[in-house]
């Protein structure tokens, strides 16, 4: 409901914004434009994350108008190259000091979000994490809110699903950085807690991974299932090796978080991906009018791309900022933050809430299977765990 | 065990094809071409476009990738590289890193930043069981192709007139010029050959190494290791180095995954400390 | 006691014996020349004496003390200096700077990192005086070495060694490649060396050798073929056969 | 360089404080980059030792200072000192390995050592925080007076002051007999032993000095950003430093600093104007400069000045 109200308001505001310039705007508009500093990896190894989030952010402004609470939203996009925390921190500082932004947003990787956190605290500005997924991020500053997901949140369901499927042994393969370790720990705790056994735990380097030897070890260990978490964009490489190693024939089922079957790359992965079961908060195949509109708009605006779970973090981040601006009539700082806490709406991924206490996202998590529909591969949801919180560390 | 060995071999072979051109440019022209990986990337993207968009058969794509990158190399050599022969190594580094940046951005602009994937033809995918050991068909294919290339290169260098001229020019370009060998043309042809091989390696590697605009930087360290450890004068040196690197890398990941890439770096440093001179002869001059 | 002596000095490169069982003795203040055809092992011998190479067998003695195991720089500190057959200069430094560096090194000052080199006035003055003695003009002293004519560079090569105030000086073909017009200055510089310096001259130019040397050692295929005063060497039939008789004379 | 130009350089750098008050974080990081490139110049430009792994010292300094602060000693100046000692010590220990062969082995051994250090930091999450970076770095006010602020004022002045002092020291050292000997070694490594110079000892000293400088640069970064990550040890940092050095001009202290400042600012400007394709323009500039080939920006500037005069 709320979403619809907001949309109508947004349309109105958008119309106002269209007329405003003709009426010599500055005096009439409620205030200066509200600037959002969007810091994302636009180049380097994690560029695909940045591209997805940015595309969603732009789409949001195109579809919902640019003015909220009487203020025009202005996006200042900055490239943090995905690897250098001091660059992220400097960009955040600059956006605050020079560009006087009303909120910081984006943040592709955990260390980069960590580096920027003190800036948000000191500047007393909301910092909307749209991509990074380590549990601990929101604790680094009382000004951080998250619209992406956390690894424990999406990992726990697949562990329990595997137990329900009577899988008794599962190996884990995770990328060797904080989100990966989060995933590994949570999976193991849940899975062994439910009576399963984890005979093999593998960690792949974050950069330059070659998955073949790792998967060979899995094949030799012959677990019933292999749990996989790798960063967005790496899924295809794992999938290929999974197929080449013949793990499926050896009786190993591929399970994981949805990162490995990234919607943007899923079609190119081809047949090997078929049947992979993952748990995640978003699938481009999610069956709802909101999502249909979202996917359609996204593909129309970005030919050759399909929105993935990173993009939806960007979309909802904008929704959060827009709604809070609307609610506060163009408020700033702590007022804006207060308006963001506890907000709920229906996202393309389904109903979500930003918890007022933890500032972390509460959302439905789905169990999905890769299936072919109309000649394309999709993650088809077949089970849902409503209102999952981050189970904590 | 055998599978690990074979994987290492395949990885090493691929690395060899990708980096042999670099060691030749270093040995022959005393040119530090850090942009070598960019030719590999060009080959990879050509292969992806031809295969996915035009639907050409895989082998034709490989061939086209090698040819086109070779021509690209030739053009760049004539237009740009030629001007920097004999300059300070660090200036060459500046130049070739610049090229890498340009290539990366250009590819990003044309093709986007995401990973490029190809689907292999059925006869190259899957695995075969040989004596109870499962081997990836594509890895066997890699090994076969690269062995063929190695033999061709070696024989070409030893048996043909081009080869003997090339070896003479590597030994001493001044003397070779005096003997009436067209060193300039030799440079150009060799450069094109090296680039073409890198292009082929890039195309072959899409399936194994992945492909995105950061490819040249991502694998630069590996290429450099091959050249440094293998030496810059022969084809055999880099070949052995590449195979060694592939084996150590794969075996390290299989048996000691907790140590990450530590093994490879330690091996390289140890080798270089033990045999700094024996591993390279001509490349050391600044 | 000899100023410089070797005992059974030998050096192999792989299977090739470049210097074979060479025993030499230079008296204090000697003017000794070492001659031999190309490839006779002259430069290898100089490298063995100066410490740039290690011998496969044999000993090197400086003023009676064994220095076989000493590295090159330590031998210099004990008074053994050399020049190079092919110029080994500092293209970017001026002659004044380069010779100044050598003087500073002799004083053991190049480990000092606080007081500017330019503020070491005495050393700089000494360098200038040395260069002036070799007829360098003030402008030449301050020009980058790379811009000097070859003959001047050859002189600088000697100046660098002299700045070390050696007791024993190894001159490796000091006049090599110098055009006739410029060679006189080099010859003068060699002739003007004080008697306190023991000199071993390696040379192709027989005029220079016979004018300068008081004793000559002839090296052939790495081994000593003959040794004696110039007149005796000039008469020696074996020497004439391998060397002096050849058309390469001069 | 003439005194007027020198004074102009530093006054211009300082005036950034008033001219670009909103860009101080950037200027501060440019100063840190300048210090890092200065340290590279001492090694590559003066002593003629090539390296592709200088980030090892930068990163060690950064982690050293960061860990010190994390463990409860956030005093910045002593942090710099600790970082310098730590990095200098590593330099002393690794110099013999690096100085064994020629250029290419030196490049690869330094590269290998820095990669090993990076991998070690990655595999010791208990100590370094692994791939997440070192959290909880809290730095006390400089001299007990100046708090590190959001505008980056303290950070900029602090970094610039350290750069200036270390530049003065570097200038002193390069002009000393020791510096002259280093230039001699770079100019002709064969001659130096024949002058009686213990070449190895001098190079080891230069290596350790350069390492200590890099360590201080790393510590500055850790202190001003209050965060350390694996990126401090990365190959990219080493390579970028070398790039800046060649860009500015080898073997000249001002060249090194100029290269670092120009590269950092250009990178920033371009990536702000074109967040997606800034690399293209940087690449084009590098290629153009290499083709012009006049010994970097400093050489190019001198040539231009010379033509006008």
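Going in written order, the chains are labelled A, B, C and D, and every chain counts its residues from 1.
To be clear about the criterion, contacts are C-beta pairs under 8 Å (C-beta built on N, C-alpha and C of every residue); 3 or more make two chains touch, one makes a residue touch a chain.
These numbers were taken from a predicted model, which means no experiment stands behind them.
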Margin query: Relative to chain B, which chain's C-alpha centre is the most remote?
Written below: C
Note to self: Mean of the CA atoms for each chain, then the mean for all of them together: which chain is nearest?
What the structure shows: D
Next item on the list: Please work out the Cα centroid separation of chain A and chain D, and write it as a whole number of Å.
Entry: 36
Check: What is the distance in Å between the mean C-alpha positions of chain A and chain C?
Finding: 75
Next item on the list: For chain C and chain D, let me know how many angstrom lie between their CA-based centres, rounded off.
Entry: 42
Margin query: Centroid from C-alpha atoms only, then distance chain B to chain D, rounded to Å. What do you get?
Written below: 32
Next item on the list: Could you list which residues of chain D touch at least two other chains?
Entry: 122, 236, 276, 278-279
Check: Using the touch rule from the top of the page, what residues of chain C touch 2 or more other chains?
Finding: none
Next item on the list: Two or more other chains in contact with one residue: find those residues in chain A.
Entry: 42-43, 176, 205
Note to self: By the document's touch definition, which label belongs to this structure's chain graph: line, ring, star, complete, or other?
What the structure shows: other
Item checked: Chains that touch, pairwise -> A-B, A-D, B-D, C-D
Item checked: Sites on chain D touched by chain B in the complex -> 44, 48, 50, 52, 97, 100-105, 107-109, 111-113, 115-116, 119-120, 122-123, 235-236, 239, 242-243, 245-247, 250, 276-280, 282-291, 293
Next item on the list: Report the residues of chain A in contact with chain B in the complex, numbered from low to high.
Entry: 42-45, 47-48, 50-51, 176, 202-205, 207-208, 210, 212-214, 216-217, 219, 233-234, 236-237, 240, 243-246, 264-265, 268-270, 304-305
Item checked: Parts of chain B lying in touch with chain A, wherever the complex brings them together -> 3-4, 7, 11, 104, 108, 112-117, 119, 125-127, 134, 136, 138-139, 207-210, 212-214, 218-219, 249-251, 253-254, 257-258, 260-261
Note to self: Which residues of chain C touch chain D once you look at their complex with the stated criterion?
What the structure shows: 50-52, 71-74, 76-77, 81-82, 84, 88-93, 97-98, 100-102, 104-106, 109-118, 120, 160-161, 164
Check: Once bound in the complex, which stretches of chain B touch chain D?
Finding: 80, 83-84, 87, 89-95, 97-106, 108-109, 217, 221, 224-225, 228-229, 258-262, 265-266, 268-269, 272-273, 276-277, 279-280, 283-286
